[in-house]
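Below, chain A partners chain B and then partners chain C, in two separate complexes.
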Partner chain A sequence: MSLVIKKYCSIVTDRINVDGRTVFTPDNQDGFKKFARAAYRHFQTDYPKFFKMDSLSKLGFLSVEVLLKGENVLSKHSIEKTGLILTNASSSLEIDEKHWDTIRDRGQYFPSPSNFVYTLPNIMAGEAAIRHEFRGENTVLISKAFNAELIFNTADLAFKTGALECCICGWVEQYGNKYESLLFLVERSEHENEEGKSEEDVIFEPSILLKIYKRERAWKN
Partner chain B sequence: MEELIQKLKVEIIEVLNLEEMEPEDIDSDDPLFGEGLGLDSIDALELIVLLEKNYGIRIEDPKDGRKIFFSVRTMAEYITENQK
Partner chain C sequence: MKTVFAGAENIISSLGFNTDENIRNILNGNTGIAIDSNGIYSPLPLPLSKVDYSQLESLFKDVIPTNEQRQFTRLEKMFILSITDALKQSKLNISSADTLIIITTTKGNIDLLDPVLQESFGKQRVYLHEMAKVVTAYFNNPNPAMIVSNACISGILGIVYGERLIRSGKFRNVLVSGGDLMSEFIVSGFQSFQSLSEKACRPFDKSRDGLTIGEGCGTIIMSSDPALFIETPIKVMGGAGSNDANHISGPSRTGEGLFLAIEQAMKLSGIVPDMIDTISAHGTATDYNDEMEARAFSRAGLENIPVNSYKGYIGHTLGAAGVIETAISLQSMRKNTLFRSAGYEQHGVSKNINVIRKNKEKEITTCLKTGSGFGGSNAAVVFQKI
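The block that comes next holds the complex of A and B.
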C-alpha cells in the first residue's frame, strides 16, 4: 500500500502556500488576529463560528479550509474513515493562560466559558471535523518541534489498521504572534505500478515531509 | 436606560467575539437567541458572567435567564432593577 500526499498547505507567518505556491499574503503584517480575519475574508469563508474560536483553532481551521478548497474528499471516502492527525509544540497554551488569568485571583474569579471550552488542543481538530463533517479518528499529539516521523507513523498506522482511508495530517503551531502550519492531504495512491510504487504522486514518507517543511519555512529565515 | 443599552451592546459584541457586528446592528428588542443574534449555550453562560463581573448581579435561578436574556432591553431592565 502506497500512501501519497495529494496536496499540502502551509501557513508560515503571513503567507499561505498550497503545493508550494503562494495563494495569500495580507496587505499589512499586523499579528495573527488580523491575519486570520484577512485570510477568512479572502477565501470568502462563511462560518461565523470562526470568530468565536481561539487562535489555535482559527489557525487549524484556516489551514484545513485552504487545503480542502476545491476538494470533495467525502465524495471519494467514507465519512467515518476521514480524519485528522495534528501535532504541535505549544498545545493550547495561549488560551490556557488566558483562562488562568480569569481564575488565578479568588477575589476576581470570573472564568470565561468561551475561553474554557478551547483549553484542549483537540478542540482544534474537532472544529475542523465539525466544519467538514469528518467522523473518522482525530487527534492532536504534542512534540517539541515538527516531527515528521511522528506524523508519518501515526497516520500510517491509522491507514494500516483500516481506521482511516483519507487523512489530513501535519503541524499546527501557534502561540501569540508566532504561528505556522503545514498540513498534508493523504490518501492511498491511485497510480500504483507493478512494483507498488507511484510514478506521478508525491510519496507520503518522513523524508518528504521534512523536506517540504524546511522548504516552506525557508523564506522566513 | 438608552445609555445602558448602548453600553451593553458594546460589551456583548466584545465578550461574545461578534467581530463582524457593530452596536447599531443589534436591535434592542430583537431576541438574542434563536432567530435574533443566533447565540448558543456557551454565549448564554458568557452573558451570565458578564452580568456578575460588570454589574455585580448574580442570577440565582437559571430559569430566570430566559426572561432576562430575551433581548438587550430586557437585560438592561433587569440590571436597572437589580443593581445595588
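The block that comes next holds the complex of A and C.
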C-alpha cells in the first residue's frame, strides 16, 4: 500500500498556496484577524460560525477549506474513515491567555464559555469535522516545530490499522500575528503498478513533507 | 505484527500515590472528592478531587534530593513520581532509544499563566513541548515525547497510538503518562458552562447534575516484550477514535460518534460484544454525556455488560482520565473484581445499561475503555488477558 499526497495547502503569513501555487494574498498585511476575514471572503465561504471561532480554529478552518475546495472527498471515502491529524507548537495559548485575563482579578471575574471552549487545540479539528462531516479519528499532537516524522507515522499507522482511508494531516500553528499552516490531503494511491510503486503520484513520506514545508516557507526568509 | 502488552500501572489521584492505595480506597468505597473552600480554585466552595500536595512534596523529596538545582512545577512532579513508580514495576530501560514516552494532557503547566509562578519557571514552560522535555530529560530518554492534547480522550488516544507504534515495530516500548492539574483556569471555565455539580458527581444516576473536576497523573508501560513486566501484563488489543461532527462543546444526542469508535475498536481487536466482560465508561455525570453513552452502548449491543464510571471516586481528571481509568480497569481485571460505580443509586439514563451497583467478584478476561470529550471526540480501546 502506498500513500500519496493528493493535494497540499499552505498558509505562511498572508500567502495561501495550493500545491505550491499562490491562490491568495491580501492587499494589505494587517495581522491575522484581518487576513482571516479577507481570505474567508475571497473564497466566498458561507459559514457564519467562522466569526465565532478563536484565531487558531479560524486558521485550521481556512486551511482545510482551501485544501478541499473542488475536492469531493466524501464521494470517494466513507465519512467514518476520513480523519484529521493536526500538529502545532503553541496549543491554544492565545485563547488560554484571553480566558486567564477574565479570571485573574476576582474583582473583575467574568469567565465566558465562548472563550473557554476554544482553550483546547483539538477544537479546530472539531470545527473542521463539523464543517465537512468527517467522523473519522481526529487528533491534535504537540511538537516544538514542524515534525514530518510525527505527522507521517501517526497518519501512516492510522491507514495501516484500517482506522482511516483518507486523512487531512499537517501543521496548524498560530499565536498572535505569527501563524502558518501546511496541510496534506492523503489517500491511497490509485495508480499502483505491480511493484506497488506509483509513477504519477507525490508519495507521502517524511522527506517529502519536510521538503514541501521548507519550500513553502522559503519566500519568507 | 507484534502483540502489545501493558502493565506496571501507576495512579496518582486524590485517592493516593500508587495503584494499591487507589484500589484499596475504591474497594472500601471511599471517594477523594471533598468540598474545597480555600478560595484558590473558585470564589465559592465547590467539591473537587485534589491530590494531597504536602504528600506530593514529601514523596518528591525522596526521589530528588533537596540540594538538586532543577526546579519542577507541580504537574512535572506528578509526572516524574508517576513514571518513577511505574518503572519500579518493570525492567524497562527508560533511557533506551527504542522506548518512546507519550505524554497526554489538556492544559499541562497552565498554572504558569499566573505571573508569580511564571517568574520562577519562565513563560516557556507553559508550552506543552517544554514541559514534556523536562520529563524526558529527567529520565534521559533520547526521543522527543509524543504529546497528545485532544481534550478528554487524550489519554485513550495515547494508549491507542502507543499500541500501534509497538505493533508495527516502530518502537519496542512505549510509556504513556497522562496528567492534568487542578487550576482556577479549568474550574472557572467549567463553571461558566454551568456544568459543575454542587455535590460529588453521580454518573448515570437520576439525580446527576454535572461533573466534578479532578487532577492527577497515571502511567502505563506498553511493550512487545511480556518479560519486561514484574506482574503478568495484559494485552492491548486495539482501539480507535471518532468525531461526532455535530457540536464542539456538547455530545451528540444519538451517541453515533462513540458508537463508531466502539465498533471500530472491537473490529480492530477482533472481538464481538459478547466477549466483553466489563466497560469502563467516561461517565462524567453531566446530563447529556451519560445519556449519550447509554445510547451508544445500547446500540453497540453492550446493554447487559457491567459498566462503571470512576469519576465518582476521583472526579474528571481530563487529559489524565484515559490513562488513570485504564490503570484502574487493569487492576479490576487483575483482581477479577467489578468495581462499584460510585454515586449511582437510581437509574438515570433512557437505556437499560448495566451499571455496577456494588463490588463483585467476576472473571474478567476482556475490558472495553471508552471516552468522549469537547471537540466532538470519542475513543475506545480493548484490553484482554493473556
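Miscellaneous remarks
Heads up, the rule we're going with is that the second predicted complex is superposed on the first by the 221 of 221 C-alpha atoms of A that agree within 3 Å, B and C clash if a C-alpha of one lies under 4 Å from a C-alpha of the other, contacts with A are read in each partner's own complex, and residues count from 1 in each chain.
Everything that follows uses one rule, which is that a contact is a pair of C-beta atoms (placed from the backbone, for glycine too) under 8 Å apart; a residue touches a chain by one contact, two chains touch by 3 or more.
Computed from a predicted model, the values in this text were never measured in an experiment.
With chain A as the common reference, the superposed partners chain B and chain C fit together side by side. In the superposed model, A:P111 makes contact with both chain B and chain C. The vertex angle at chain A, taken between the C-alpha centres of chain B and chain C once both structures are aligned on chain A, is 80 degrees to the nearest 10. When the shared chain is aligned, no partner comes close enough to touch A:E71: not chain B, not chain C.
In the superposition on chain A, A:D19 makes contact with neither chain B nor chain C.
Looking at the superposition, the partner that touches the larger set of chain A residues, chain B or chain C, turns out to be C.
When the two structures are aligned on the shared chain, A:R37 is found in touch with chain B, with no touch to chain C.
Look at A:P48: by the touch rule set out above, it reaches chain B but stays clear of chain C.
Superposition on the common chain places the nearest Cα atoms of chain B and chain C 8 Å from each other.
Chain A uses residues 111-113, 117 to touch chain B in one structure and chain C in the other. Across the complex, chain C meets chain A through its residues 43, 106-108, 110, 113-114, 126-130, 132-133, 144, 146-151, 157, 161, 164-165, 167-168, 170, 184-185, 188-193, 238, 240-249, 256-257, 260, 264, 267-268, 373-377. Residue ranges of chain A in contact with chain B, taken from their complex: 37, 48, 51-52, 110-114, 117. By the touch criterion given at the top, residues 79-80, 83-84, 89-91, 93, 96-97, 99-100, 102-104, 106, 109, 111-113, 116-117, 119-123, 125-127, 129-130, 132-144, 147, 150, 153-154, 157-158, 160-163 of chain A touch chain C in their complex.
Taken together, the chain B residues at the contact with chain A in this complex read 15-20, 38, 42-43, 45-46, 49, 52-53.
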